[in-house]
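Shown below is the structure under consideration.
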Amino acid sequence: MLGHLSIPGVYMRFSRLWLLMLALFAISMIAVACNGDDDDGAVASGETLKTVLDRGTIKVGVKDSQPGFGNLEPDGTFAGQDIEFARALAAALFGNKNQVEFVVASAANRFELLSSEEIDVLIRTTTWTSSRDIDLKSSFTATTFYDGQGIIVNANSPIQSLSDLEGSTICVTSGTTTEVNLATRLGAAGVNHTALSFAGDAEIIEAFIAGRCDAWTADKGNLAGQRTSFPADAGGSAALRILPDTLSKEPLGPVVRDGDTEWYDLVQWVVFGTMAADELGVNSQNVTAMAANPPSKDIADLLGASFQGAPVSEFGASLGLSPTFMQDVLFQVGNYDEIYQRTIAQIGLARAGSINASWLDGGLIYAPPIR
Amino acid sequence: MNAPNALGVRGTRTVTPVSYRARRWARTQLFSSPANTALTVVAVTLLAFVLYTMLKFVFVDADWTIININRRLIFLGRFPQSEEWRVWPPMWLAMGLGGLSYGLLSRGSLRDLVWLAAAVVFILGFLAHGMNGLLFGGAVMFSIAGYGAGRMAGNRPQLRPRLGTVAIVGWLLIIPFTVILISAFGGVKPALWGGLLLNVLLAVIGIGVGLPLGILLALSRASSLPVLKGVSTAIIEVTRGGPLIAWLFIARFVLPAFIPDALQTDVIVNAMIIVSLFTAAYVAEIVRGGLQSIDKGQVEAAHALGMGAFHVTFFIVLPQAIRAVIPALVSQMIALWKDTTLFAVLGFTDALGGAQAAYSQSEFIGRQKEALLFIALLFWSVSFGMSRLSQRVEKALGLGER
Amino acid sequence: MIDRALDLELGFGFLSGPGGFNFSNQWLTGYDSNDSRLGAYGVGILNTVRLVLIGIVLTTILGVFAGVARLSDNWLVSRLATLYVETIRNTPLLIQIVIWYTVVFLQLPKIADAVNILDVFYLSNRALALPSLAANGAFGLWAIFLAIGAVAAFILRKWLLRREERDGESLHATTWGLALFVVLAVVTFIATGTPLEPNTPSLHVTDVGIRNITGGLQVSPEFAAVLIGLVIYTGAFIAEIVRGGIQALPRGQDEAATALGLSGYQRMTLIILPQALRIIIPPLTNQYLNLTKNSSLAVAIAYPEIIWVGTTIVNNIGRAVPVFLMIFATYLALSLAISVVMNSFNRRVQLAGR
């Protein structure tokens, strides 16, 4: 029986056990702490790149519930456009797209994650706004997707335009620009409504299907994705309709902390690199061949190859990367169009004809010249 | 109105004892008065409604594919597949120890067998198909073997105390063992711990750090040094003043700004520190109650025997105090175990977070009932098992009989 | 320089700026996105307080019933109570709240199919709407009369009680006191010109065809889910406290009361529970404090209590430190208020018994 514990001698024996236990515990705590430590060390301003290189992985804040941009698959891996750009950064930094550590960031905590240096870059469908850029001390790099806030309703709903929303209940994610936009736009139009703010998309979908709200507002890219994957039991994508109104401009792209220009440039130019490759027709299939024998000076400069014996461009070196970093990015991840087709196109948002087409096709995706 | 007896003869006085007892039982327990009969009817209706709803859902309406597909997400989150082997030995050990403890403490009844059968059916039937079948099966085997050993020892008085010591030592060592195996030697960093594993590790680390820390806090609060007393009282009261979710938000939003750069760790490590402190504050109050229950005569007697203050505290007062509050400490452990779900609110992929990620996958939208019920069942079974085990321990220690 | 100062910036000046977001679940307030952040936080406090107050009342009732039921002579009733306690208190509250919300309250009829009883009760997943009373201009005057009536009734009861003690026969002091109060209330209600008017909910359809329910007392599914979750969870713990309190009484108490011919109900309400209260109140206070702190879990669904409002503000403009200071101060104030009330109640119960 355990009753024998009350003999004093046993306490003495147990005190030794306690000591052993404490010692083991101390060891295990040190193990945990050290393990957490290898990837965190000191990060002073301007040194994000050094920290990342020392650590051997890049930490990226992403979303886990938005198909097409960032969502968690059943096998525990991530997929989406934001995820692909995170992998592109890893490929540029380490020559290996898998040296990336994903941190799930919620709408409400993403900037805290960034400012407290728990992540190196935030790629989580984050809208570039002046107040975030200035007040939240973050810097927005190249825009990877031009989005706009829209409203989705049931296909048979009487709501056709913003003014029809009078007296309605609208579901929205709390702590987003969407929430503030909704209040501002409908407030200015004098449309009385009830905003029901949820923590995330999953909760809103439940509430929306149940009829808790008449409408759901979010970025149109998100809404299109949700519409495409709307459960067949609830009528599939035909059961939903996105209103033509666009409430806002929502340029989405990677975000870094203010002040570290070196890191900012690196993130920005890796993204531009994928766009430039798209414009120049370099993709994951032909990149090796083109690097060996570049058809033009632009392509040679992008890939860090020598064009007709001329010296290799400074592009990679000036960013603190290997001259051939774009070869790794393009070979392992692909150019902007390949990324788009693999991710956003899958949720039913065609690139051709949209504002996210290349500027050559009348869209807004435009890489500044590399030279 | 007599029921036919075994011979089928109606109306005689030779009613079989069993049915007689059953009827007398029903009369006294269920239909002793009109009010009681009404209560019984209400209770039967309620029970029937609850059972019907549950059974209909579980066996007819529910589609459990969401759990099957997302098993990994719910149990391990983003834990790397290549390191999965690190999870199994602690699990086997825990299952074996659980079986052993249960066997040692049980008197051997039909109920044990029912629980055991239920556990086997649940684990094998629901989870064990696929490549993890053997490993899960192994865990169940360990548990049964442990139970068998415990039951056997019940008949051999010289073996029982020894196995009891093995069980206690095992439970104490399993915490550091698990943490070391999972994180050390090129193991998995806390940021990648996920699913139910994360809940288990959070609870285990929370209690592992919180218990000794809480005892120290309680001793400081009982000390005669005003500074020590004041500081520990302040820590305890401030910590208990706010809800855990607020503390976790602080771990996430505020704490990183106060920690020097050189000591920055993963946010999950911050959260673990917070959870441990939070647990320590509650443990301290429980232990303080235990300390107050110790008769002053004990201390005086120990002093009279020439023991020093350290010895008196750690070998006379504290063991008795802790022994007196074991039930409250187990309740605190259960509370901590349930509270680990709050990490899902912070965006961690614990079991609840995994379930939420699962029902936001497009093919499983609308299947939140299945996911949530499954998670609820997981947490319930661990809590319930712990509370049952603690009741047995209380009995074995003779608590409440003094 | 990477700036963390934003979160650490002290000072509460930011509270006067406009919140910029709208609220669901408002009660007695009409907060608008142009109102100040302090106003938003105030709505959060109201939402937390209303949850806690109603929750404490309901969970006490449930807990006492379940605790008594666990000791019932009726086998089935006591087993049912045990099933309730063991199921509920071993399951995380957060999961329970999420289940109540998504599985139960969201699955109520949609507004288009709202259950309508006699045009005064509406049940849908927008709200449960009940008829209620709305105050008009005369309410203030009537409230003064009510206060006077309450004082008069109290004095009458005191006087009757003293006579009861002197003469040793029952004069129904409480009944007479209540009667006086009711008569005064009704007379002045008519005299002041019906200061309360019935406020029945009605189904309103906009020109476009959007339906919503206006007027009456509306209980939203978010509030209902958190409230029911808190009440049922805390009730399971209170049931155990009540059971322990009753079991701690000497058996003789119950037996003596039976011997005096008191019915089961009388034994429980006159003999057992009043004595058990002495043991019950301190741990009960603890459960009330737990309920208060657990109300923060409402943040997991769309119920805007203080943590929800606080984190929304932090997300919009940073300033985590002052916001969390406010949150902690609010919980501290609530806990203190509950402790003070319960402690004074505890003192009265303990004195009355000696």
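When the chains are written out, they are named A, B and C in that same order, and each has its own residue count from 1.
Everything below uses one rule, namely that contacts are C-beta pairs under 8 Å (C-beta built on N, C-alpha and C of every residue); 3 or more make two chains touch, one makes a residue touch a chain.
Computed from a prediction, not measured in an experiment: that's the story for all the values here.
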Closest chain to the centre of mass proxy, which here is the mean CA position: B
Two chains sharing the most contacts, counting C-beta pairs only: A-B
Chain centre separation (chain A, chain C; CA means) in Å: 42
Length of the line joining the C-alpha centres of chain A and chain B, rounded to whole Å: 37
Separation of mean Cα positions, chain C and chain B [Å, integer]: 30
Shared interface positions of chain A, touching two or more other chains: 43, 109, 112, 116-117, 199, 206
Residues of chain B engaged with two or more neighbouring chains: 253, 256-257, 345, 368
Multi-partner residues of chain C (at least 2 other chains): 4, 7, 102, 299-300, 311, 314, 320
Contacting residues of chain A [partner chain C, same complex]: 43, 45, 107-109, 111-112, 115-117, 135-137, 158-160, 164-169, 174-175, 179-180, 182-184, 187, 193-199, 203, 206-207, 210-212, 214, 257-260
List of chain C residues in touch with chain A within their complex: 1-4, 6-7, 20-24, 32-34, 102, 106-107, 110-112, 125-126, 204, 206-210, 212, 221-222, 299-302, 304, 308, 311-312, 314-318, 320
Chain A-facing residues of chain B, complex: 69-70, 72-73, 76-79, 81, 160-161, 164, 168-169, 172-173, 175-177, 179-180, 183-184, 187, 189-191, 194, 205, 208-209, 212, 252-253, 256-257, 261-262, 264-269, 272, 314-315, 319, 323, 345-349, 356-363, 365-366, 368, 393, 396-398
Residue numbers on chain C that touch chain B, as the complex places them: 4, 7-8, 72-77, 80, 86-87, 89-96, 98-99, 102-103, 264, 293-297, 299-300, 307, 311, 314, 320-321, 324, 327-328, 331-332, 335
Partner chain C, residues of chain B touching it in the complex: 25, 28-30, 32, 35-36, 39-40, 43-44, 46-47, 238, 241-246, 249-250, 253-254, 256-257, 334, 338-339, 341-342, 344-345, 352, 368-369, 372-373, 375-376, 379-380, 383-384, 387
